[in-house]
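As structure tokens, the structure follows; a few thoughts come after it.
By written order: A, B, C and D. Residues from 1 in each chain.
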């Protein structure tokens, strides 16, 4: 079992190095897919192991797998598989450059490391590494816009994550003055060294603020719409679907460590503020959005805001709902981003003001997008419906009634905005009827593999109903976070 | 090393750190700022050495060497080369707020730094702890430079000042962080700077110069 | 497993089967196969509902991956009643659609959405807890939105209508979610039985009540959250409009009943007053808009707002009377509410199906362009006529019995000693009376203009009723239900008693209705017999006269002495409602525009006069437009937040950092 | 009980069929005399009816079965109203009480039938009359129900015969403000419902001002006969109801030949008085403009509402 804890990271690194070498050029096309598949398989194996009561460790305890890590690794794998498999360019397209598959593999490896590391410092390093791996992926198209997005992304994300480092440093100082310097949460959780609350307050606040940047929470979200809209579709899917969640995972871990020391008040206040601000920003900027991919990016900010509120609420229900939300959102968002890439490829634009009647003209592309949007809007049978309902109930339960009220109102505005743009793009006819010209025949092609999308969306639709082991891993993972506090 | 010498040395390196940061804000010539950055890196390395000697920790001395290499030689060197390629007389012509205001802002930020480091004083009355506000101040200065300077290089420099500040806090409060993390963080920093440099070059070739105000095509 | 549980599962399975059939069947067979299975979904729902009303129970679990507690379906008698209503409407509409659906309405998506919609709707009243309720509620919303969008390719307004519908239906969901969350937290569990043991006197119960009722009112189309109705109903295919209006909207009423009878059964008086007030406003406003509109389906949609308003009014009366301890009339009011539900379902289904038949046969949806359809579409005319009688609440139809029961409870609820009741009851009577009067005018207009006189357009002149054979039986069955509920309402008494948990509703005479709580009874069959007996001498005299001088057709109608009769001279729907529009000028705010063109020779001679009248929904104009405009402005202004400047973005982070530092340091 | 009710209903129907044409004739005669004309005599409506029944019935092209059935529906609904309202006695069927809502609804069936007849021929005037007719009917409805609500409060029932009996038991209640206000409101409603001045001029010959007459323009022969007799019966029944409420005396509370005879005499007298009064007032009234009619009806509605309020005061006191 311990092997599976190392495998994802090691394999991704090998792949990154290997695909750079000419002999393995043929593998390049599938590098991301293979890496994701390995991560997914390892994740599932680890989930089984964890359910079995084991706690696999590796590399001298630097990597340690509890229920939460195993779940997050599965999320990374499944979302990664959706994004990379679904994002496979048609063979006739331009050949990928050598760096692209290597960077994707590095990116996936860094995320795996982030969720598997038992050390918050290593987690930080891994998250910063994702910035490095994705910087050139964002700027991949080398256009002015992608260059601009890359610059903003690197500067804003690095600066933000640097703040998290400051927080981690202070946390380390606190443990040092407590007598047992460590950044490992298994030790922090097991030994509960006497930490100074006032110092941990600063540390936790800074760490959360820093990781919030990477998680796309307002007011640190500014890089997100630019980077997500300019990156190639599969990368957008990965970033939006899972990178944000990995950063959110870091916030959860920090919260779990600091919570017993300083109580929930401060972090709850910060997360509520960030959550509501994110929802507000997403609402305000969705109303008059003009670009499909940016619209999806703001939808990610919305969902991260909701997750922040779930973290603020705490408790088994809220946290297991948050984790279910992470998975559902990841699958649906990566699918929609992948399809938005196909829309860009076929229509030549992602402007919501220019594309019309897509469902009529290109049902093969429009239908999966529409289904994905339905999922993202939180409608049943998709799991996001359950997680949103549970988060609101848990929030009210924890005394955040007004916060939840404001949140759902903002979500309503976002719903209306997203529906408005989606309807405008999808429905109707491009040309007014009666022009005399015969309507062009509908293009039923999917313009890419449809299986990953169908599987991802199907899974999203079903996991809300999945009682049994899936339900157990969710509650176990929530329990890891000390959900009973 | 005697306590007073230790305190004086810590104070000295702290002062150099702070002064170099103030000068970075004050100066407009980018190459001068890079030089000051090297000085700052040196001061940081010096601080780590002092701490290491004081604690008798070899690990810290190794880290001091690492800091010296990275922050005095490698990073300034990289920047210097890049600046030279752009022409030696590169200047930050029109920052978003003028130098006078920036300097007044610095004093405010310094006070803020002292104010907010209050909770950190619980770590003891070691001279190193007393110097922690300097680190926080550096972080804030770096942020100020990032938020107000138009030139891409200026932002890079601001980022490095910010990073030096975090380093300062780390060494002063905890005598650094675990080596694995330290190595990883340094590598990350190096890579970020490299990436930003590559991007700067691309921006220059794409936009004509490296004025970040041109980068406003992505909005809403 | 119990029969009820089997019925619940059968609905789910059949819905899935129907959706699969709709997706995979060849286009030629799609409508028939999917329609049959969809009708089976409806029938199963109705049968399950009947079983529940007959006293059996059954539960099926809904698995969830989150620790939400016991989530499942277990219909109560109240739910059973609504399952019967929804199932019956669904079955009739599905059969109708087999013949009706063509073009986009016969597409895969449309046929796959219909059974899902039906099943979700029928199962909403079966939900035994907040989570499964919300789940089915949203599924119903999703499937119905998809159905509203059916025609998006050919009509631009469909997209707009669906957007309004989606936004308001989500508003309803959000309100319900918050309301249920408050109750669930108070009760410590999601189950309705747990919630039902809460103290309705607490503040949180009142908050939840307001939220839930507002949410249900949105679905039910109560003013001012009705604006989706007059848009969505005309946009959807007619069988979908029929289901939405006759059954789905009722789920809002079901929700209100659920809250008032089961979850928070003994609330304070102001709850009742709130329901009564909004019901009254909706009833009057709805029928006023219906009376002046000329789009047939829009008219029917507004009439739905009216009827739902009456249901809320009845429920509000019941709550109000209960809170002051007047039991008998309160029970009658609940019974009246349920009778209104059943009768409205029957006649509104009939009317929408008939309207669909008109659209199908003539291509017209504007009353101003119809006319003379009675001769060309006899079955449709018959069905519409019966439905219109029901909608106008004339004897001996379903609508009449329901309004009679409502008025009886209002009259007998009079309690001069309680000022609130003393003021509320006469106002309610006046509202019901005005509503009934205006409904009469509305449906005389609708039937008279559409089916009598001469065609006002080529489409109406060429109208036909052939083809599409399933439409006629569906319309007739539905119309028969209108008459049956009116003639033998006593047969429904048992169902109403169980569903509402009320006493004093019984059967009298043949199958007349007795409200023993208020000492009132009425046997419609006896009334009909009396009328028939009185008609005998009249017919005898007529026959005698006819034998002497038979009836003769003449070509001439009175045109002030001249032979200048052309269809254009007829009154149209617009002109028919013109006096009323003038009377209610202040409430309706019509925009009138008269354009007079003079001849070139003299300005005293008129060559042409053009009259235009636009009647927009005042509520929409006054309350929604400003909000939408404001949101748009906010959206525009918010763009400045994200203006592309990295310095500004760094500034945000900087401010956040400073704020956090200050926060933790203090 | 039901057998007695059947006998009474039959008696009422027969009495009203006999009386209402006479009532109309008498009202015309009173008007004629007051206006200084000789008049055609009180029997003229009967002669008109006989003539119409004998004449050939013409049907305009394009009309449907509605034109044929409408007149019959009207007359049957009017007869049903006569049978149900307590005109001669207060004995009623158990399962078909003379509940005012039922009576009004039956009346409205007739209203609708006439309105549809008006629309059926597709002429401008028919539609015009129908539209106005229905507008007035819609606006009258609240007045009728609220005024009856006022009358029913002291009794606790909306069944007309019970209201009448209660008034008979307590004659003082007849003169109470509640009763007077309610009856005044009801009177206005009856005037509007039966198309009398100032709402509609029954003897007009100008199409543009017609309401009732416009709808029956296309009818002839026995159709017209039924339409006329039907509306006369309505007038008779409503005036009878109004006067019975105002002067409940003489009505039979249980069935006997003597009682019935007495009640018939009382009914004739009551209807004659109210009819004459109405005709007398009409001489001094001009027809209102159509768009002023709502004001009149609103006024009557206010009266009815005041009656309700007054009833609370009375009960309280």
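Rule of thumb we're sticking to: a contact is a pair of C-beta atoms (placed from the backbone, for glycine too) under 8 Å apart; a residue touches a chain by one contact, two chains touch by 3 or more.
The shown structure was predicted, so the numbers you read here are calculated from the model rather than taken from an experiment.
**Q** Let me check something: if the centre of a chain is the mean of its CA atoms, which chain is farthest from chain A?
**A** In terms of C-alpha centroids, the chain at the greatest distance from chain A is D.
**Q** Across the interfaces B-C and A-B, which one involves more C-beta pairs in contact?
**A** A-B
**Q** Report the inter-centroid distance (CA atoms only) between chain B and chain D in whole Å.
**A** 99
**Q** Measuring from the mean C-alpha position of chain B to the mean C-alpha position of chain C, what distance in angstrom results?
**A** Spacing between the chain centres: roughly 68 Å.
**Q** Suppose each chain is reduced to the average of its Cα coordinates; what separation in Å results between chain A and chain B?
**A** From the centre of chain A to the centre of chain B is 31 Å.
**Q** At what distance in angstrom does the C-alpha mean of chain D lie from that of chain A?
**A** Those two chain centres are 76 Å apart.
**Q** Quick one: which residues in chain D touch 2 or more of the other chains?
**A** none
**Q** At which residue positions does chain A touch at least two other chains?
**A** 148, 151-152, 155, 159, 163, 201-202, 225, 285, 288
**Q** Can you tell me which residues of chain B touch two or more of the remaining chains?
**A** 116, 119, 143, 146, 155, 212, 215-218, 220
**Q** Can you name every pair of chains that touch?
**A** A-B, A-C, B-C, C-D
**Q** For the complex, which residues does chain C have touching chain A?
**A** Contacts found on chain C: 62-68, 131, 134-135, 138-139, 141-142, 149, 152-154, 156, 158-159, 162-163, 166-167, 170-171, 174, 177-178, 180-182, 184-185, 190, 631-632, 634-639, 641-642, 644, 646, 648-650, 652-653, 655-657, 660-661, 663-665.
**Q** Which residues of chain D touch chain C once you look at their complex with the stated criterion?
**A** 9, 13, 53-62, 64, 66, 68, 72, 75-77, 79-80, 83, 93-97, 99, 101-102, 105-106, 108-109, 111-112, 115-116, 119-128, 130-132, 134-135, 137-142, 144-146, 149-150, 152-153, 156-158, 207, 217-218, 221-222, 226, 290-291, 294, 301, 305, 308, 311-312, 315-316
**Q** Contact residues on chain A for chain B in the complex?
**A** 62, 119, 121-122, 124-125, 128-129, 131-132, 135-136, 139, 142, 144-145, 147-152, 154-155, 158-159, 162-163, 165-166, 168-170, 172-173, 176-177, 181, 183, 196, 198-199, 201-202, 225-226, 229-230, 285, 288-291, 294
**Q** With touch defined as at the start, can you tell me which chain C residues reach chain B in the complex?
**A** 639, 642-647, 650-651, 653-654, 657-658, 661-662, 664-665
**Q** Residues of chain A touching chain C in their complex?
**A** Spelled out, the residues of chain A in touch with chain C are 148, 151-152, 155-156, 159-160, 163, 201-202, 205-206, 209, 213, 219-220, 222-223, 225, 266, 269-270, 281, 284-288, 316-317, 320-321, 324, 357, 359-360, 374, 379-381, 383, 385-387, 389-390, 392-393, 395-397, 401, 404-405, 408-409, 411-413, 415-417, 419-420, 423-424, 427-429, 433, 463-468, 470-471, 474-475.
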